[in-house]
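Pasting the structures in now, so scroll down.
Two complexes come next, and they have one chain in common, chain A, joined by chain B in the first and chain C in the second.
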Partner chain A sequence: MKNLKIQSLLAMLFLMLPLFSLGQDKPSGLEIIQNVYNRPEGNNIQSELTMTLINSRGDERVREIKQFSKEFKKVEKKIMFFMAPADVRNTSFMNWSYDEKNKDDDQWIYLPALKKTKRISSDSKSDSFMGSDFTYDDLGDRHPSDDTHKLLREEKLNGEDCYVVESIPKDEEYMYSKTITWIIKDKWIGLKKEFYDEDGEFLKTLSVKKYEQIKGFWIITESEMHNEQKNHTTNMKLQNITIDGGIADNKFTERMMKRGLK
Partner chain B sequence: MRTIIQKYLPGLRDLESPKQYSYHTERQRSIPCGKRDSSLHCVSLRMTTKLFFLAIMLVSSLPAQSLSINGYVRNYVGVLTQGDNEYSILQNTLNLNVEHSQDMVSFKANPYMYYYDDNNLEIGLREVYMDIFFNSIDLRIGKQQIIWGKADGVFITDIISPKDLREFLLQDFDEIRTGVTAVKANYYRGNNTLEFVWIPTFTPTALPEMGSLWFPDLNFPVQPVFDNSKKEVKGSLENSEVFAKYSALTSLVDFEIMAGYAWDDDPTMHITRTIDPQTKQLTGLTVTPRHHRLTIGGGSFSTTLGGWVVRGEGAYYQGKYFNSTDPFDGDAVVKKDYAHYLLGIDYSLWDVRLSSQFIQQAIVDYDENITQDEYDNTVTFLARRDFLRETLTLELFTYIGLNNEDALIRPRLYYDLTDGFEILLGANIFTGNQGSFGQYDKNDMLYTKVKYSF
Partner chain C sequence: MEKFLNRVLNFPWLIMVVILVISALFFKAMTANSHMETNLDKYMPQEHPAFVYSNQAEEWFNINDGIIIAVENKEGIYNSGTLKKVKDLTKALQKMDEIEKEDVTSLYTADNIIGTDDGMDVKAFYKRVPKSEEKLQELQQKVRSNEMIYKRLVSEDEKVTVIIAEIKDDVFSQEFYNNILNLAKSFEGPEILHVAGRPIVEGTMALLGPADMKRMVPIVLVVIILVLLWVMRSFKNTLFTMLVVLFSTVWTFGLMAVVNIPIYAVSTMIPVMLIAIGVADGIHLYSHLDLYLLGHPKATRLEAVRDMIHGMWKPVVMTSVTTAVGFISLLTSEVYPIKYFGLFTAFGVMAAMLFSLVLIPAGVLLFGLPKRKKVVVKEDEERDHIAFKLAENLMRYKYITIIAVALIAVISIIGIGKVWINSSFLEKFEKDSDIVLTDEFINQNFGGTSTLNIILQGKDEDTFKQPAALRLIDEMQDEAEKLAVVGNSFSLADYLKRMNKVMHADSAEFDAIPGSNELVAQYLLLYEMSGDPENLWKVVDYKYNKANVTLQLKSDNSKAINAAIAVVEKFKAPLAAENIEIKYAGSGYKGLVFTDLILEGQIKSLVLSLIIIVVLLSLMFKNFYIGLIGAVPIVITALISFGIMGLMNIPLSTTTALVSSIAIGIGIDYAVHFIERYKIYALKTQDKAITIRETMLHSGRAIIFNAFVVIAGFLVLLASVFPPNRSLGALVSLNMFTSFLGTVTIMFIILYVSNIYFKKK
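Take a look at the complex of A and B:
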């Protein structure tokens, strides 16, 4: 009898196990980051980017870019046209980023003074983007498998319920030793991100100031990167956003890099 | 900001073999004009100036839609470091880019003015053209700069736009390039492009005038007499130039294949000697510059290899004339084919952008009497690093002539005082005794360029 009771209890417990785990409803760090990575943003998007660099004295420098991107079968193509300041006007930059792992991006720059399109190496991901507090890598989508992720806790930030996830790069040579991201639970938007430098020292914070739902997609329209070590800030604002407005495939060619915004 | 433009931009300056322009004649620079000077030249110059401003005003009054006017104002002062520290140049520049576009058409004009310390004023249109954009074809008609190839500052397949070498290779790249009146048609299919260029009239290289700091070392045993009567290539359909290019930009590699039926931009110096029959001594030299037809075929590529960009370019020239000392060669010239090619790499190391190129010119079926070496080797080297959020850039660019052991060393410091306002401090140091750089050994200079872009 006693054995039967124990067996029944074990059976019940066994049956309830999946229920317990469902009741917990806690995704892993990796799952959270994957959800952010896979958040749909439309097939093609065009926008105007204004980047304001603010130094410790409050002096500002403004850079303006018009950008287009489109998802193709196995590649995401992006083209940027520099509009300001005046000395870089009509310069354009094109990037082809491949789904295939370990395949480097292809990049070209068109320099109007030289009237030449130059292929450039994409190994400069840790370089600052136009003197800002963003590196080239900060602006791209880092693949979730490049880091080891751990859900640290859940907490409210700016009135939003967030997961707090720590990500440690698998590549020890990477420019950051660790990042901590606050992710809005129901929207899979990173609301804040802290970056730690190679020595493990706190480096900079990315704060999302504004996000909007456009054509059903959540898009971050204003963010700010503050470098704590250098007391320097970069504000990034997206305007005139068009999602799935239809960008011709031939937008991402040398022909268009040379033609510019005509 | 400059990084994206410059760190990937090795070798802004052009490179040219010494022998190709070492016996060139002068090009007229503007004659100084006073306010009340009523000579035909000065009246015409004043009228041109007025027309220039009138054109700007007219363009400014066009409907603002899609019209853009931008450009720069620049002050350029150079001082020689040897002798009495004379100024090598004192120049003020206004350069404008006027553009207008609507639907499938657009135009661009690039007027410029150089004003020198001696009141010389030079006005010109570097480019003025119209574009017509069809679905898969673009047409560009008018005066335009056409740049081909993957090499930096070396003219191998890049031979369509003639050069302005009046200040040797020291001008900015877009100023060394002169526009040429042409019809250019491009056909696009995916990432492939077919390009055809027709140039109805020939424009030669602009060379330093006699007496200029940059007038090359002629090295004739007696003072020559120049006979310029055969220098001109008459404008006719028969004398036009044609070029074609197929190019593709792919994930694996970018490449171009080209061919051209052109004129040699640099004149060949045909030399006739007068010898005293009694003494058998050379008593006179007549130099007759003439341009000859060239047929060119070539190509170029650019690809990435790990973190490196590897570039190559080569061309075969048929019908080039070289000066010869063989008394049996008529006019002291001999016709030979030659090949010109380059291999270059761009890479970075500790935040420094580095670029190096090896260039060789080889004369096919070489004859010992040719005054130029059979193989002419040159190396270029560039190192550049940005500081202060890309507002300060340090750069070192060097040309090294391996045949003559000469070099041009160009250290530069750029600083953006504010966006669009750049201060440049630089030096041009020539080393060696002969060769394209060594011949200017006494022309070492320090210079500043202050530039306001708008």
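Take a look at the complex of A and C:
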């Protein structure tokens, strides 16, 4: 009788062992998101972006953009030039995003037909990025401390082991009420993300189609955002990527915006 | 036929039982399977090119009819209470299942394109409800300085603001309608809320029309029964005459249920037709019976019935067949509900014929002859006297009648020239009804409650990034807005002018289309980058080769829409030079096309049935002239009916146009009965004087009874609360009266003058 009891106790402990060890290994939701946020991407990057907008009828519009970005001390600067379509060629867009909390981005646009650089206000991070299904906020890095994160489960997606993390914004007025992200373990790449609108209704899905290791950095080279409510899709593809190839500090000025691509 | 009828009538009980059983079965099918079709889109021929195009364009630009909720605060709308209501109501509407989130437009959701010192911005007017006086004034200034919003979403006196919720065609239901009205009501005080817009008008109409009919038809029936009792002086006769109407209606709707065809709004006219037509056979049969009994007081039931069948089966069959053919000619219409209307009414008429020929005689056989008191006979004699006098005087002063009829015909033709078609839904309501008043209120304060979508289609991509094309659109809008009926217009040009202006420090000089293709493209890119690009797809398509110009009209009637179209058509040539085609879309336009289709079909079928009836009558009476003479009452009735509509400025609409079918159905009945009787007496006596007197006595009496009964019944509809039902009542009564008058006067005279059935002396 006694023996049996000890045996079963041992058996139970043995069975619970993997659970304990798993519990120790498992990072919290916040930790996972922090790892994604801190994933290194290089100091400066230059690439060509092909943005394809697809509406519910399957009509497509394609925009080609050459973009440069560079990490400065307290600011990340980005400049983009339209290559196509022809009627907007050399229209340029510049964005300075500050690390400092609560400081809005500075944004400029240069319209060659008007020969004027204009500031555009950026208090609306929920605005669509160039008519796409991405908002400015979707493209930038949202600070992990802005949301409350919770690890929901672990599961395989597209053959990768992923953490599934739910993030709920602390600001109730934020455009999303909830996002759910599938993050590849140890690569810390978000493979898929679901967005729920301010009323809690399912809004859109971001799917990463392709990611490559370039110069040791994991770079997402193709992603697609599908807006379920509008049945509209945006595909973004990066080509000719140069990482840390060196971009002059003075690339990010109004003068350079006006100069355009030669 | 006569033999067959007589044989069948050997089993009167069996007839009763069979008819009752079949009626019960049809009734069961009716209660189990009948359903109303209230979706107006289902009425339209979807394969018609104008509809195909419009539906397509509606999909391209997400054009939907909007429910307009106006929030009025007599103190002005710029206070946190009212603004909170606008926000909450907007959100409540967005949450409704029938409404897509992006399809709600209000001051809360609208984009404000503004110029800043160093650029442009597209922002919401407010997200959080402004509380401080300062913020409220700031909002007021923002609205005032934005011509895309001021006077469109906020009234000029700043006491009213509207919320527009667009809904898809097929989501409208009674429940949704009630929900919207209740929702608006729950937001009242101190603000007043007004609900309008085409879906509301259509919804109210779809509910009000049949509901009113349901209320009025029993009263009509009661009045008809009372008048029948009075003219027939017999409960039994009245009962059986009404049973003919009742059973034929049950069979018709029962068959509809069996073959699974829904009840359309026009189908509610079927009982109307069957009442008018079904009563006639009964009256003529009993009238014949009465006269026979007058001459043969000792006759048995069987003898009397035999004589009735002998004398009347032919005219009853002839009238029914010609009437049915008249309705079947409606199959030429392109509109399915009208085809069904024609087909099923024809079936109902044939059913009524069957019941008249078997049920009425069977009733007499089973329940005895109508009782007659001596006094009554005397009264009849007196009336006979009047009939004789009428007949003689008519002949004596026949030229006066002919001239009068010619004069009336001429006046009617002048009137017909003035007839106009109205596809307006709103004008079907009382001038002082809530729905009309709300509409007027919104029209006074805003651009208009009705819309016309002009769809411009360019040959190449990016057509609508070309300044030349945009300038033409702008000019077209300016021209259209000069019309009093066009309150506002909206297009891609408005976006570009606004952006051009704010990018040049709000200088009025730049409130114009940008000068180059590149600048247009770059403004649009800028807009996409700062605003909600979805808004653009309501005015232009993805590839910029199709554009949607919306005109807001203060009326949905055909004159208003046609006036706007006329202005737009002036731009056809210059637009064609830019390789741009003009087309139209939207429910207002579809309504216009639809009405035209109905009327075209109606006129086609009117002409066709007239021809068929002339041929049928010629064959039946084996005389072509009789065919022509028989058509006289119909022609006169139709002429006067349309003439009066023109002279009294009653527009043609779907209901009023259908009434002309009655003119044929009834007019032909009178003519056939009358001619048949005339023929019998003429051949029997070969004496013109006796013939006209006896015909007037026999047929004339029945016709006048018939006309009297139906007119009395339908005049009841004048008390209806739904104006289209009122005009229906007035026009049916009018048509009955002119048919009757035409038959006993001008047709009678022509028949007399023609000398048909009299051997030449």
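A few remarks follow.
We take it that the second predicted complex is superposed on the first by the 239 of 262 C-alpha atoms of A that agree within 3 Å, B and C clash if a C-alpha of one lies under 4 Å from a C-alpha of the other, contacts with A are read in each partner's own complex, and residues count from 1 in each chain.
The definition used in the following text is that a residue touches a chain if its C-beta (ideal position, glycine included) is under 8 Å from a C-beta of that chain, and two chains touch if they have at least 3 such contacts.
A quick note: this is a predicted structure, and the numbers were derived from the prediction, not measured.
Judged by the touch definition given at the top, the superposed model places A:Val62 against chain B, while chain C stays out of reach. By the touch criterion defined above, A:Asp104 reaches chain B but does not reach chain C. In the superposed pair of complexes, A:Trp96 makes contact with chain B only, with no contact to chain C. Contacts of A:Arg259 after superposition on the shared chain: chain B is touched, whereas chain C is not.
Applying the stated contact rule after C-alpha superposition, one finds that A:Glu173 touches chain C and leaves chain B untouched.
Partner contacting the larger number of chain A residues, of chain B and chain C: B. By the touch criterion defined above, A:Ser128 reaches both chain B and chain C. Shared contact residues of chain A with chain B and chain C: 53, 61, 82, 85, 87-88, 91, 93, 108-109, 111, 113-114, 116, 118-121, 124, 127-128, 130-131. Residues of chain A touching chain C in their complex: 53, 55, 57, 59, 61, 82, 85, 87-88, 91, 93, 108-109, 111-114, 116, 118-121, 124, 127-131, 173, 199, 229-230. On chain C, the positions that touch chain A within their shared complex are 94-95, 101-102, 116, 118-123, 127-128, 462, 465, 503, 514, 516-523, 525-526, 528-534, 537, 541-543.
Touching chain B in their complex are the following residues of chain A: 53, 61-63, 82, 84-89, 91, 93, 96, 98, 104, 106, 108-109, 111, 113-124, 127-128, 130-132, 232, 250, 253-255, 259, 262. Note for the complex: chain B touches chain A at residues 1-5, 8-9, 12, 70, 72, 99, 101, 106, 131, 133, 138, 145-147, 172-174, 177, 186, 188, 190-191, 193, 247, 249, 251, 254, 302-304, 306-309, 346-348, 351, 386, 389-391, 418-420, 422, 451, 453-454.
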